[in-house]
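First chain written, first letter: the chains are A, B, C and D, and each begins at residue 1.
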């Protein structure tokens, strides 16, 4: 069988939570064999189509990445290189006219919802702080699901929401989190790096997002909603090998049903979360998996309450 | 309204303001020294990045925290040396060299980081400076927690500002540096080396900028992030002008700016925050800086030879 | 060390030194490749290949040069008059906003391109006019005000894109609606990204050159830049000249944003420019503020960046090497250009 | 001759080239203890260059400098200062934003030390001020000082460092006669204390008054050396230019109609500089009006007003009827030729070519531009014409004007403003810093313009110049203008009293 050459094109460094999940999955696929993987990070959206073309010209088979900021142009590139397959993060639907482009997004609202249930049970004050980078759909969606989950166990929960206008300013995220703790929050939703640090310093709790950081904050991070890119990538690789790759929406591979997201193990907080809440989590998880319950997908900007 | 008063009277607000101001104070002092000697150092943003990186990397590799600060300073001075060599004896455009140094220092940091840590998918952490809980002093109501629960690096920032003020205005060296920024010919005619003074100022100033950068990775946070300096260097350039090239006023400016930042973070949670777009809050510190510049424009005294290269033997 | 001016630099010096600067950059590239564990001997070839090695590569280089020519011209015009406009970035976005406002269906076919271009220039000019007024009226330092306005403008764009200008069809991502087809600048070569914005940039460079060397306004701008007091004494309307300079400079910077939106992107996002406004300063100074030189230096900057970026991928070196090499090339080049006119004397 | 041990400084065959130009050509010179040597020469003869070599600003291509018998290391002002050489530069080297005391202390203490106490330094400055008659306030900011005060600071700087040799490059070029007198008093005290002085000036009467010996340079070479007692001003002048100078002889004027009238004009004060106080003045065709007075008494306001830079606060200015608009351009349009006080700062743009400077104020006129586009060919023709007619010595119209000497720069300005045939000429300190030959030339041009029917307003601090040229003399003091005195009706002493503000009380 022929090796599939994958190229990753990321608009941020690979340490960025979101991209790190794609990167890890691709590295894993490479380690598993049959796949070759190179990547370019920190590509400005202006340069994104150029880099895509360059990889296409260099003969890669599959390009993974994110084209939220360069949709129109990126789709043009896809159309111009029909032999190359594209698996790209995008807010838009797949397009039959561009059969070599499949889209995905981090639809991990299921896990976020479950982490919210735990959060609602763990907050004493009922005030929860949420620090985000920008109010984009990928962020809003998870925040909204988290808030819905929290209201399950804490119907009167109050939320403080802030956006710091940057993806890469942990000191600022930390200051914002400090301010929320001053404002009464005892539990923080850590969408950005820096938030858990503030929680740790002030003895508050935190809920992780996309990645599991409990190892760094054993007394702080209670639970995390994890994104697993492996199902998405593996589905794409299989389709390529089978010759059946087509314009498709791979978003569902991030759903819990598909194993695209999960609640991180409680770890150090094992036994510290109220029984009732854990029972609810288990119930809901089962319901999500058997399809009897779906977490709403809400991309609107969350507001403080 | 009452929200605003609650915020302004809270301990944590003022503690936050001082914390946010600390890196700005270091870097502003650095820029101020350069400009006092007649050199506009637009390399500041990049030098802060290299400082954040070098300081963090040193500690990550096992150095004690203060050695990390020293490493940051050394890295900053190295790029300061580059800036100074090109702008002072060679007299190249301070704009180009500054932006070039920013680009070079930033990309060098990222390049080196990636070479050193090629496989990370989550930024590694170090143990940063901890707030110093000084017995007795920390217990003073209000001022105790505001002032005495900062990290040692915040204290270093305040001391540094005092020292810069002292050296600039109370010693022969400071006099010579200031004169180099006012009229290099006068310095030359008094038997001093303009080149030496300006280069020295740029190198030392750049060292301070880098320490400001290292505050972000060694005190404010514990990892190095790409783009984490996030325009703070440019703010410091404005703060120098805002402070009318005086260390005391510049520190005040930094505190004011930081206070606005701390305030906007908190105001986002008030009913006001629900009505205004968050960008309005983020904009406020910049707009207020411009406003302040307008208000004090009449009194500001730009160093007369700022941005004017000095070539010996040319009139 | 002393620098002695050279009255008439020899051709050898004028060509040799810049060539040396390029060689030194290549040497740095090789050294960095070696450090990164790649094959240093391949770097030169890969950079050249990435910058101009194929039609695709060459056109990408021209593409990237386009906004840089505009911002470079904007800075050259302003700096000539000693108006330190560090705010081309903000003016660029002003032009981009106008391109979207007028290009999303408000105006029809023959009118939309010229009208929106002019309106964009006006918007950029207005952004610069504020700091210039503050400077002429109150003596507020424009380095700082134009610099700070960059941040304000970026936040304003972010607000627009999450608020009033958000694309209703954009699935929530903060970007503007797409321009209608008539509002797009056509491509010069079908299938490749190069658009007529590049041609417009060349025309702008020639126009600025004519203005600076042939027109009375150009004469006034240079005079005001060199010696404001003498210009005022000679009867030049100094403030009016500064305002005109601001209009021209801000307008040119705005065209950068306008042509990026109308020619390349088709919509506005808050990361439209990876610092074109700042790079414009470097481009302009590298050209010694000469409008035609700006074209060359913009091409140089674009080629170095695109070439080294491509090399980083081909050689497997961290992508940040592109910026490192660009910065290195710039610093070497300004030094070389200065040394064509001065001789270093060690005493 | 005196004992050779008395030689404090010896320049030995100093040569300095700037490109093709040899500014100093094997110049040798000695200075003895307590002696005053004057260095004379036309503009551009190489005087300043020689001093800059001696002080270490420039490095000589050849030759050596010896101070107190020790060779001085070249290109090192620090060494010169340490050897006891102090220099007052032609263009002052002071930091405006610093105080007098800081300017003086600058560089006198080890940079790494804490520095001596301010009080001690101030006491020392105070003592020196008293001893040498150099009154300045140590805490004043230099930027707020008059030119004369700045010069005192420059001298204090040298004395503070125990200079034994003092070099003064055109110290009186920008001083009022009173200030110049005070300077000479100071210098005499310095000589009495054993200092030696090397002194550059274009004012031969000063040279005759204070110098023991004169060294004359021409084209970078020493062309003569004489003891002052054995020569005369005229002989020195001839030696400088290498021939006789025809001094302009003013014939009596035939005044015509009033071309400009100021009636009770008052203008606001500008900082320390007073504005005009109800000034009434007539400028008539074919007449030179001389404005005498100590600088800083409102002359600047009057010049700015006529130049179009400021408007009268009250009172009226009429030229063929009241002025509707007033600006520099309007003044040019009305036929006013303006020779500015400072040719470097306001008169020219240093990095512009002669052509560009020639059309600096007329570029908008039909001859030089059409539809907003410059006609550079016409402009260059205009510049060529001036260069030829006014004998501007330069490489050509395309050369940058900064390469010209002050005198030649002034000739270009003269041509620029006189060529269009002005009705009124404002000549503000037109010969400041020029050599005797250039002075004679400029003055003869002004007289020729008057004879051609122009009204001339000559502003000068040099009473001799005023008395020699002006048909009518006014004196200015604190913004007030004296009545006009016809040529020869007042003695210098009488005018001096007016300058001190005395007549005004009766007149007002």
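In the analysis below, contacts are C-beta pairs under 8 Å (C-beta built on N, C-alpha and C of every residue); 3 or more make two chains touch, one makes a residue touch a chain.
This structure is a prediction, so every number in the text was calculated from the model and none was measured.
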{"item": "Touching chain A and also chain C, the following chains", "value": "B"}
{"item": "If a chain touches chain B and chain C alike, it appears here", "value": "A, D"}
{"item": "Two chains sharing the most contacts, counting C-beta pairs only", "value": "B-C"}
{"item": "Chain separated most widely from chain B, comparing mean CA positions", "value": "D"}
{"item": "Distance between chain centroids, defined by C-alpha means - chain A, chain D (Å)", "value": "76"}
{"item": "Inter-centroid spacing, chain B versus chain A (mean Cα positions, whole Å)", "value": "35"}
{"item": "Approximate Å spacing (C-alpha centroids) for the pair chain B, chain D", "value": "46"}
{"item": "Chain A residues counted as touching two or more neighbouring chains", "value": "42, 135, 165"}
{"item": "Overlap residues in chain C, where contacts from two or more other chains coincide", "value": "2, 155, 158, 162, 320"}
{"item": "Touching two or more other chains - residue numbers and ranges from chain B", "value": "110, 279, 282, 312-313"}
{"item": "Chain pairs in mutual contact under the definition given at the outset", "value": "A-B, A-C, B-C, B-D, C-D"}
{"item": "Chain D contact footprint on chain C (complex, rising order)", "value": "2, 7, 214-219, 222-223, 226-227, 229-237, 347"}
{"item": "Touch list for chain B against partner chain C, complex", "value": "40, 82, 86, 89-93, 95-97, 99-101, 103-104, 106-108, 110-111, 114-115, 195, 231, 234, 237-238, 241-242, 277, 279-280, 282-283, 286-287, 289-290, 293-294, 297-298, 300, 302, 311-314"}
{"item": "For the chain D and chain B complex, residues of the former touching the latter", "value": "55, 57-59, 77-82, 87, 89, 91, 93-98, 102-103, 105-115, 157, 402"}
{"item": "Contact set on chain B toward chain A in their complex", "value": "10, 12-13, 16, 19-20, 110, 120-123, 125, 216, 220-223, 225-228, 230, 261-262, 265-266, 268-269, 273-274, 278-279, 282"}
{"item": "In the complex with chain A, residue positions of chain C that touch it", "value": "50, 54, 56, 60, 63-64, 155, 158, 162, 170-175, 178, 191, 193, 260, 264-267, 269, 271-274, 306, 309-310, 312-314, 316, 319-320"}
